[in-house]
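For clarity, chains are labelled A, B, C and D in written order, and residue numbers in each chain start from 1.
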Amino acid sequence: MIRDDDFIQSKDVPGPTKEEIRCLVMCKAQISSEDIVVDVGCGSGGLTVESAQRAKKVIALDKNPEAIELTSKNLIKHGLQRKVELVEGDALNLIENLPSFDVLIIGGSSGDLPLIISRGYQKLKTNGRIVVTSILLETRVEAVETFKKLGMTLEVVEVTVAKGKQMKRGTMMMGRNPITIITALNNKN
Amino acid sequence: MIRDDDFIQSKDVPGPTKEEIRCLVMCKAQISSEDIVVDVGCGSGGLTVESAQRAKKVIALDKNPEAIELTSKNLIKHGLQRKVELVEGDALNLIENLPSFDVLIIGGSSGDLPLIISRGYQKLKTNGRIVVTSILLETRVEAVETFKKLGMTLEVVEVTVAKGKQMKRGTMMMGRNPITIITALNNKN
Amino acid sequence: MIRDDDFIQSKDVPGPTKEEIRCLVMCKAQISSEDIVVDVGCGSGGLTVESAQRAKKVIALDKNPEAIELTSKNLIKHGLQRKVELVEGDALNLIENLPSFDVLIIGGSSGDLPLIISRGYQKLKTNGRIVVTSILLETRVEAVETFKKLGMTLEVVEVTVAKGKQMKRGTMMMGRNPITIITALNNKN
Amino acid sequence: MIRDDDFIQSKDVPGPTKEEIRCLVMCKAQISSEDIVVDVGCGSGGLTVESAQRAKKVIALDKNPEAIELTSKNLIKHGLQRKVELVEGDALNLIENLPSFDVLIIGGSSGDLPLIISRGYQKLKTNGRIVVTSILLETRVEAVETFKKLGMTLEVVEVTVAKGKQMKRGTMMMGRNPITIITALNNKN
C-alpha cells in the first residue's frame, strides 16, 4: 500500500483515508484490471489512487473543488492521472449520467447516502460491489438498511486501529477513530 | 464520575485520566472508606481526586513539581485536599518509607515499573490491590511479569473507547488511545 | 464490582452484562441512595443487582419469565431482594403505570426502544438519567435520535474490551463484543 | 481476499487467519511476483495461500504435522500447491538452511520469536520485510525489541475487528480478538 505520508495533504480537505483502511477497502472492493470504479467523495484521493492502481478506469466525484484539485495532484504524483476522470459536483445528480460500473466506493455522501446507493445500484453491473466507509453512527445504519431493501448481500466490519509510536520509554499505542466498512454484492442478473 | 472538563488542566502535565478509564480503575481498585491509597505518578490528579472521594487517605506521588501543583489545585477544586498527602519525588525512593497501604495505583512509572511494583508489594496489606494503567506495549508486559513473579492473582483488561461527537450530519465516533488496566490482588497472609 | 462469575447464569437468558460494562453503566447512571431505578430488560440481573446496591429502590422488568426468575436468584444470592420489585411483562405497557423515577436503564428493548425511551422520559424526574446499552448498530441510532427529539443532553461512548487469558506461553487477549453506552440527562424543569 | 469459509478448517489446527487480518498482512508484506516468502507457523494455511497467490515461491513451516496436512489441502483447493514447499519441523532449526528470501511471515513461534526473527534476518534480502502477527501481549514486545536491536525500521499496528451479524432485530456487532501486526523493513545493504 501507499503510505499515508506519500499523499499530498491539505488542511481544507479530509483524508487521505488511512493506509490500513485503504487496504481493507481494496480487499473488499476486489478491483480487477477490467473494472470500472466510481469513487464518491474522493477527498484527498487516497482511495482514488489505490483504485486507479488496480482498475481499468476510475471516475472520482466530489462537490468540493479543492478535493478535486488535491486528488488530481495525488494522481499526478503517482502517475495515474490518465486512468481517472475527475468530476466536480453532486454525486446524487452525476451518478445517473455515468456509464455502468463494477465498483462503487462511497466515502463521503453529504447526507444523501441512501439515494446515492439506490441510484448507484441501478448502474451496478452484475456481480458488482458497493463499499461504504462510515465514520458516523447514522450512516452505518442508512447503508445497511438501503442494502437490505435492495436485496443485496451485505457485510459489516467495524475496524479500530491503534498505531505504535516509538517513544523514549517504549511503544505508545495511538488510537484512531473507528471506521465501519459496509460491503454489498449485486446478486441481480 | 467527575467529568473530564471538571478538572483543571495544563499543557505541561499529562492527564487527567479520561472519565471512563477513571471509572474502570475505581471499579478495579475497590476502594473503601477505610482504605489508604497510594497514587504513583498522579499527573493532573484525576485518579487522586477519585480515590480521595472514596478512601480514608491518599498519598499522591509525582516527580514533576508541576504535576504536584496541578493535583493540589484539583483537590482544592473538589474540596478533598485534607484527605491527600502530596509528595514530590521519585516513587522508587519514596515508596519504601511509606506506611503500609491497601491500594497502589500506578499511572506513571518513569521506566521503573517492576521495581515500583516490587517495593509497593512489600507495603501492601493483606487483600490489597495494585492497579496499573499502561499506554505502552512494554509496561503491560513488565506489569504482568512482575505480578506473576510475586505470585499475585492478576487480571489484564485492554479498553478502547470511542466517544460520539455531535456533528451537523450525525454522530462522529472519535477514537481514544487504548489503555490496558492490569490489576493484581495480594494473596499473602 | 461484582465479578462475572459471582452471578448465577443460564443458557436461556442473556447476560449478565460483563463487569467492565456494568462498571461503566453505574458510573454513567450516577445512582445515589435516594434514587429509584427502573431496569428494562433485566436479563440475568447484572445491572439490577448493581443498581440495588446503590439505589433506594429498583424496579426490574423483563418479558421473559426465565429472566425474572434468574434475576430473582441473583438478587437473593447478593442479599438484595428486598430492594427490588420484579415485574414480568412488556416494558412498553408497564412503564406508563410506574411511579416517577430517577434513573432508567435499558438493556433490552425488543424493538420498541424509541417508545420505551419516550414513555420513560415522561416518568423521569428532573435531573434524571436514561442509560441505554446497545449491541446493535440500529438501536444506537434509535437511542441517539430519540434523545435528540426529546431535547435531552446526550453522550455516546463505544467501549471495546479485551481480556487477558493466561496461557502457557503468555497473555492472550480475548476480544469481547463492542458495546455502545448512550446516556441522556433530563434538562426539563 | 479469500473468504474465511473458503478454507478447509480443522478443530485441531488454529486458523485460518481471519480475512481482514490476512488482508492487512498482505498489504504490509508487499509481496511481488518475484518474491520468495517464508511462512513460519502456517497453521491452516490462510497466509500461505494468500502469499502463494502473489509470490514466486512460498516455503511454509509448521511443527504440527496436522497443520502441514491442512495447509496442503487448502493449497490444493485453491490450485496453488505447485508454488509452495511445505516443511514439517521446528522453524528455529529449519530457517538456517533455507535460501535467502524477501518476506518472512511469522504467525506462530512456539516461544522462540526473538531467535526466529534474528535467524530469519540473516536470510533476509535487502529491502526484505518481516511481518509478525501477535495475539499475546508478550510476543508483541519481543518482536519490537528484537527488531530494534537489529536496527530495522519497524511499525506496530493493533487491529480490532467486529463483524456484523444480521439478527431479526438488527445488526449485532460480534467482537474478535485484537491482533497486533508488527512489520519490519531490512535497511542493510
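The criterion applied here is as follows: a residue touches a chain if its C-beta (ideal position, glycine included) is under 8 Å from a C-beta of that chain, and two chains touch if they have at least 3 such contacts.
Keep in mind that this is a model prediction, so the values were computed, not measured.
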By C-beta contact count, A-B versus A-C, the higher one is A-B
If chain centres are mean C-alpha positions, then the most distant from chain C is chain D
Chain-centre distance (mean CA atoms) for chain A and chain D, in whole Å, is 27
In whole angstrom, the CA-centroid distance of chain A from chain B equals 41
CA centroids of chain A and chain C: separation to the nearest Å works out as 37
In chain D, the residues touching two or more other chains are 137-138, 141, 144, 156, 158, 160, 162, 164, 171, 173, 178
Given the complex, residues on chain C that touch chain B span 1, 19-20, 23-24, 27-28, 30, 141, 144, 154-164, 166, 171, 173
Chain C partner, complex, touching residues on chain D are 110-111, 135-139, 160, 162, 164, 167, 169-178
Chain C contacts chain A in the complex at 137-138, 140-141, 144, 156, 158, 160, 178
